[in-house]
Amino acid sequence: MRKGTVGANALRKEGPDKLTGAARYIDDYDIPGALFGVTVRSPGPRGRIKDVRFDLAFPWDQCVIATAKDIPGKNAVHLLGDDQPLLADGVVNHALEPILLIAHADRATAWRALEHVHVDLEPLEPVLTMEDSLSQKQVVWGLDNVFKDITIVKGDAQAALAEAPVVVEGEYRVPHQEQAYIENQGMAAWFEDGTLVVMGSLQCPYYVHKALQPLFALPPEKVRVIHAVTGGGFGGKEEYPNMIGGHAALLALKAKKPVKMVYDRTEDMLATTKRHPAVVRHRTGLTKDGKLLAQEVDIVMDGGAYMTLSPVVLSRGILHASGPYECPNVSFRARAVATNTPPNGAFRGFGAPQTLFAVELHWEKIAAVLKKDSIALRRLNALRPGSTMATGQVLKDSVSAVQVLDTVVKKSAWAKTRQAHARWNKDPKKPTWRGLGLSLVHHGGGFTGNGEVYLKSRAGVSIDRKGSVKVLAGSTEMGQGASSTLAQIVADALGLPYDSVSVERPDTANVPDSGPTVASRTTMVVGGLLKRAAEDLKLALAKHGGSAKRLCGDALERRFLAEYERAPGMSFDDKTYKGDAYATYGYGALAVELEVDKATWETRLLRVVTAQDVGKAVNPRVVEGQIVGGTVQGLGWALLEQCVYKAGVMQNPRLTDYVIPTALDVPDVEALIVENPFPGGPFGAKGVGEMPMDLPGPAVAAAVLAATGLFLPFLPLTPERIQAAADAAQAEKELVS
Amino acid sequence: MKLTVNGKKRSYAGLPFKRLLDVLREDFGLTGTKEGCGEGECGACTVLVDGEPVNSCLVPVGQMEGAQVETVESLASAKKLSRLQSAFLEKGGAQCGICTPGMLMAAEAHRRAGGKKTRQAVCTAVSGNLCRCTGYKHIVDSVMAALKGRK
Amino acid sequence: MRFLRARTPEEALRLAEKHPDAKPLAGGTDLMVAWNAGRLDGKTMLDLSPLKAWARISPAKDGADVGALVTHARLMRHPEVLKFWPLLAEACGTVGGPQIQARGTLGGNIANASPAGDPFPPLAVYEARVRLVHAGGRRELAFLDVFAGVKKTHLAPGELIESVHLPHPPKPSRQLFRKIGTRAAQAISKTMMAGLLWLERDGAVREVRFALGSMAPTVKRLHAAEEFLRGRRLDRPTVDKAVELLAADVSPIDDVRSTRAYRLRAAQNVFRGFLEGRLGRS
């Protein structure tokens, strides 16, 4: 039998184009006659728009200007709440909120126009913190500032905590994070025989397709969305393209010409979505041996001014709040609240990194109270086959918490390294303190709860008369390796060589809606659909004696589509949060070895080791790329990245001042791929896209604790914050003695 | 004014203060060179000027009179990837691809300057290029592989 | 926007005299950021980049003259610079990334007068002199006297930086350059320092020079601490006092990159480490 391509490092389909400069990102398209569009934004965090003044000196007759009044349909960016206007009409609820749009044939002139428009606001008192939002200092959204309130209850946590021999409490805070894809947001739009066509940098063509219909009062067949090569997404191009796509389309409608909009870095950082900041409080009851008796967790996330995807971010957050551990009594509450800051949204991990940071670092606190090793405590409580989760979901297959934990403990030479550090840290001549920290997580693959059922994703394959096979899916390549991975799955399902399978460009006129390219679902869910479709094709081919020509008959091509069906026996109740929250989970562990400079509190990463169970690595190099890349993004969040806000406006919206890691900031991440197949995934594959982001934060905080003795329940752990904590601890010590 | 781009003589008659990046992309149609930040921080717009890596977003074209400019489009010969490009393809050095042209040109400068074949030296050579996808490991693997093949 | 291009030093001086408000342009790594942000609209630029005569490193009596257009990339690799002014070479290697080093020039960096100019603390402790030229003649300023404030110099209209004179320092007993940046590379400093120390045979301080960047509107020498240390042995009370005196010469602030407290504490710790012989090299 021919050796398959699944499990091999097949080369990226789009690789050569990206390496020669031939790949076309949205700004690389020279669209004949296109104008360039820019956005006038709110100068303040909350207020009534009193006046918009245009300097007389500017040649406005050369410009096309669009306002909310020009929107033919409903002025709402369609998502979960439909509460966010495409353009503010009368009031603004966050700084940088779009108010009107300007297009000009010359890009530089369009940018310059922004300096000649002045928005006068009658300021209203804004709510800028989660605390002020919860206390309803002002009600700025709905009746109570709360976008979503979720509760998960299992057993009786209160009673268990009252009786528990040991109770440990902790409060954990994590900040915003900017996706910092290197390609800024950009979209182009035009009308073609009454059809609105939008092309750009995006993750989810069908999200944009759905959002444009109500805005422009167009039926689905009159809207077409095309994917351009996309320079990174990380969630940042999940829902925001609805907004910029709507803007470009509105200008195109008004101008009766194509319009391109591409943000510059500062606008992108100021105005587009970020990771939700969160405060997570734990009360944990344990036996003296460290067995979990009860987990009480309260989660608050800052959603910003509009709902965007906050309810589902919150949902994934609360569903990961337990960490990969079994606990008999659980009481979780999670709320996403409104503030007058730019809306937060999807970002790799989607709520889970926030809650996993808390539960993982909390083990260090518990370990200190119990005077036990935190790794032993994790192992004692870790999920195993047969474990029951907070939602009542009973785990069956592919449960690898203990396996990944043991793999990392072994590979990092845990005990030996810690002993070496103890010696090092005792020596006053050494310029640094060293520490080793670890984290262990699970991460649900695919949409939460019934999400996949509602999506009804469809994907498939086509074959033409010559026998060329194409992957048909709305799932996009944004660097994560979807193209090669999906083609590998199809090739092996058909028994064809990898090179004979190509991937159709995502275009709503030409590919089915395979659901959004998010949630670690593309390989596992869409790959599964493609495998089924390819198997159907294979059967059909066999029926025609293997002849594509005979199979196609009179048609140019034949298409085989598969639609999502939930695995038998799975169920989830959206109201009570009972049931199977995810079809399966990935499991990951990571150890960070670092040192902290005694003079400057600068941290230096010495070694990063991680093991992650992905079920089956369809393309090990792609999987490693996801693990290493996600880990470094997580290390950035843990150590470097900080959005500084003043009056609801980011003060450092530049790559100079919002600092992401360079090649010299990180060691080579050692990624060990664990394969514990999931029977429900294609060739056993589970998701991997998001999990790497969950791990570095708590591991880094644990390593800093090990090095310095400072328990710092927040991120990022900048030298400034370590210094402030060290000085405070020193002052306290002096006060006591 | 006259300059050489990818071995071809070019003339340019527009504003001297236009950014080299924009002249390459708009006037010469060489859109392989990307813009990521517009302030010399991300390195996506890296090209070689007289063999040295520079951020083309920070160069007014007026300074390029008589200069030799090389962009990512110059690396491959007709239908064949260069050794460096092949290494990036095989070792996974390109993911989303937006930093790739700049990354390749920074690495190419290092290769041509006879830079050291250590991981530390390669990391230093690409330390002016931000990548958000790869975590850099596969990029460094790619450059190392290309350097190993060097005499 | 006017773009003037000087092909010879004479032409440069003539153009500078005729257009005293023109912004001199060298590598462009700072000016172009301002240009891209629209902050130079309507200004006249005087491009000096073709001036080969100002792009040389030449030996001079008791030292070397570094032309204003010498790039950081050349300085960091130049054998003479590495031998006599290693702190300057090291500092040039921390400027931006390789692309900025290849394009940015020493003269341009000085003219830009950022409080965070990486080569400034070394130039301050090497007591460099900056040669200024205008159509009417030349003058020389001590390096520290060039700066008037954040992004401000004492250059007169029409005056250009021609070169920087580096005097040979006597071989120091200890020297140090340390940049504490926002990350490991391609970073702007939160604080940075350069130090030179000469000890007598009995351990007393013959001479000490220590300069800090990003700690005040301009680069600062620690005059109070230096004066206090001269002639003293570096015992614990002396070092304590010197470290305390550091604050007298600087005025760090809170900004998006760091905090006042951190800058001060980190600088004091490194200064202490330098005086105690734990940091720096001989």
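A, B and C label the chains in the order they appear, each numbered from 1.
Note that contacts are C-beta pairs under 8 Å (C-beta built on N, C-alpha and C of every residue); 3 or more make two chains touch, one makes a residue touch a chain.
A quick note: this is a predicted structure, and the numbers were derived from the prediction, not measured.
Per-pair tallies of C-beta contacts place A-B first. The central chain here, found by comparing per-chain C-alpha centres with the mean of all protein C-alpha atoms, is A.
Once the centre of each chain is set as its mean CA position, chain B and chain C turn out to be 29 Å apart. As a whole-number value, the distance joining the C-alpha centres of chain A and chain C reads 43 Å. Chain contacts: chain A has residues 656, 661-664 touching two or more partner chains. For chain C, residues touching at least two other chains, in rising order: 97, 184-186. Chain contacts: chain B has residues 38-39, 41, 124, 127-130 touching two or more partner chains. Contact residues of chain A toward chain B in the complex are 9, 11-12, 14-25, 27-28, 30, 179-184, 229-234, 264-265, 478-481, 621-622, 624-625, 628-633, 654-656, 660-664, 666, 668-669.
Across the complex, chain A meets chain C through its residues 111-112, 115, 429, 431, 598-602, 640, 644, 651-652, 656-657, 659, 661-665, 719-720, 723-724, 727. Partner chain B is touched in their complex by these residues of chain C: 1, 3, 5, 25, 28-29, 32-33, 35-37, 45, 47, 49-50, 73, 96-100, 102-103, 184-186. Residue ranges of chain B in contact with chain A, taken from their complex: 25, 29-39, 41-42, 44, 71-73, 75-76, 81, 85, 88-92, 94-101, 104, 119, 122-124, 126-140.
Chain contact summary for the complex, chain C toward chain A: residues 38, 97, 180, 182-188, 190, 256-259, 261-262, 265-266, 269-270, 272-273, 278-279.
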